[in-house]
Amino acid sequence: MNKSSETRVRVRYKETDQMGIAHHANYLVWFELGRTDLCRLAGMPYSEIEAQGVILVVTEVVCRYVAPFRYDDEVVVRTRIESSNARKIVFAYELFDATDHRRASGRTSHVWLDAERRRPVRAPDAILEMFDPWCDGGEVGP
Amino acid sequence: MNKSSETRVRVRYKETDQMGIAHHANYLVWFELGRTDLCRLAGMPYSEIEAQGVILVVTEVVCRYVAPFRYDDEVVVRTRIESSNARKIVFAYELFDATDHRRASGRTSHVWLDAERRRPVRAPDAILEMFDPWCDGGEVGP
Amino acid sequence: MNKSSETRVRVRYKETDQMGIAHHANYLVWFELGRTDLCRLAGMPYSEIEAQGVILVVTEVVCRYVAPFRYDDEVVVRTRIESSNARKIVFAYELFDATDHRRASGRTSHVWLDAERRRPVRAPDAILEMFDPWCDGGEVGP
Amino acid sequence: MNKSSETRVRVRYKETDQMGIAHHANYLVWFELGRTDLCRLAGMPYSEIEAQGVILVVTEVVCRYVAPFRYDDEVVVRTRIESSNARKIVFAYELFDATDHRRASGRTSHVWLDAERRRPVRAPDAILEMFDPWCDGGEVGP
């Protein structure tokens, strides 16, 4: 499995709903924090990606909810690159609580677009190379 | 295919992001508006569901993004019940623009919980019966 | 008092918090819906304002909360222009429930910026003229 | 001036809008993070406050916006208690950027309510005592 980044965030009061748990739409925002941190760790902060004239748009989101988070709970987001090529990148996420129990997991798929014309493009090599070490998969090879 | 409800909502300025499009997490909120309206149309407003001591918690979300919505665009949400039994209900959504082009689709899965103890329960018959007419499927033959 | 526009919106489930009421930050979003509708009614949709190369940035917000809104409550937003000149515009808001009880009020102040350079500018006359009928004040005497 | 707590938060992509800056409604959420941290530092985490059967509801918010925050900017929230008595508490906030320039300031007023009946109550002494050291004001003389 590819190596992962780790992001810690606390459930905000604003993120709770009247069920007394974090509303499910916030998980997509936490995923976003996770991939932001992975990009930063890879040496390619997302703001720099956009500065290079490309954007990453989401084409698909999947999230599975196992157990809820509550107000002020710490959420540990582990993010990996599941696959990456010049056109498309898929991130995988697992959300753990402070005692390392998995409470949710998900996946987001993205394509690279030219920021100006909003058409699919090949990601700049400089960007893809930064992601390379995150895409090898530990399990490759004899 | 089961019959659908229709909800119209405009993209709020707050819902845009610096790409100039509606942020992808908002689609889950629009899905929620869609199933809220379906429940209301079925004669079982969601507030009444919770008043009966049960809650519907989301166990899985899938969303596919085809083309973006922009600020002030009208979003037409068509919501159907994909499947329903005493334990679980699945809603399906399609998002159209004002010219009836489909821009996104998705699905949310839910289980019924006892509001107090937060344990899985059978949904009250009174609720399930209200959903029945939305679950027949028009295509069921003799 | 200047004439007002009226916007109706229902409290979304996502907008509730664990107190079981609409979180106070959402009121600012409802204010935004209110002034969006006022601009549209004035013949100058906000998207058209931005298309003219200017943006309205918020410089101050005040909101007073009298009684809470709950999930699915209808919120009636009445929006007026409190004052307007070539540099600055102030909107005033009152939020009523479905039985016409006032539950909140507020005010947002904005300055006109050049969209490109983000520097203060005089608003285009075409825009200011559209707002004129909303700024007379009925009470101005001879 | 009373002593302050400090909270650091980064602007989330979801918090930007199509102007390319953090949407103004998010400042209220950052204020909330600030007072959450102050309460925690005071030895009275907000979750514990609610566990004592009281809630703090917002009665007024004021926010002044001086300069915008952008995506991924660090926001430093300095929070103080401006005044506190058995019925009411006022928090004051200043938002700084990473180079210690003030970009916004604000104030939120709150009253103590009985969580069950939602009626004004005197805050429990145990809570008020925890806040005492934050309310002395350095300037109180002999």
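Every chain is named by a letter (A, B, C and D) in the order it is written, and numbering of its residues begins at 1.
Please note the rule applied: a contact is a pair of C-beta atoms (placed from the backbone, for glycine too) under 8 Å apart; a residue touches a chain by one contact, two chains touch by 3 or more.
All of these numbers come straight from a predicted model, not from anything done at the bench.
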- Have a look at C-D versus B-C and report the one with more C-beta pairs in contact. C-D
- Query: At what distance in angstrom does the C-alpha mean of chain C lie from that of chain A?
  - Reply: 35
- Separation of the C-alpha centres, chain C versus chain D, in whole Å, is 25
- Separation of mean Cα positions, chain C and chain B [Å, integer]: 30
- Indicate the residues of chain B shared as contacts by at least two other chains. 13-14, 19, 21, 25, 29, 32, 71
- Query: Hey, how would you classify the chain contact layout here, line, ring, star, complete or other?
  - Reply: complete
- Message: Taking the touch rule as given, give the residues of chain C at its contact with chain D in the complex, in rising order.
- Response: 19, 21, 24-26, 28-29, 32, 55, 57-65, 68
- Query: Which of the residues in chain B come into contact with chain C in the complex?
  - Reply: 12-14, 29, 32-33, 36, 45-47, 71-72
- The residues of chain A that touch chain C in their complex are 13-14, 16-21, 23, 25, 71
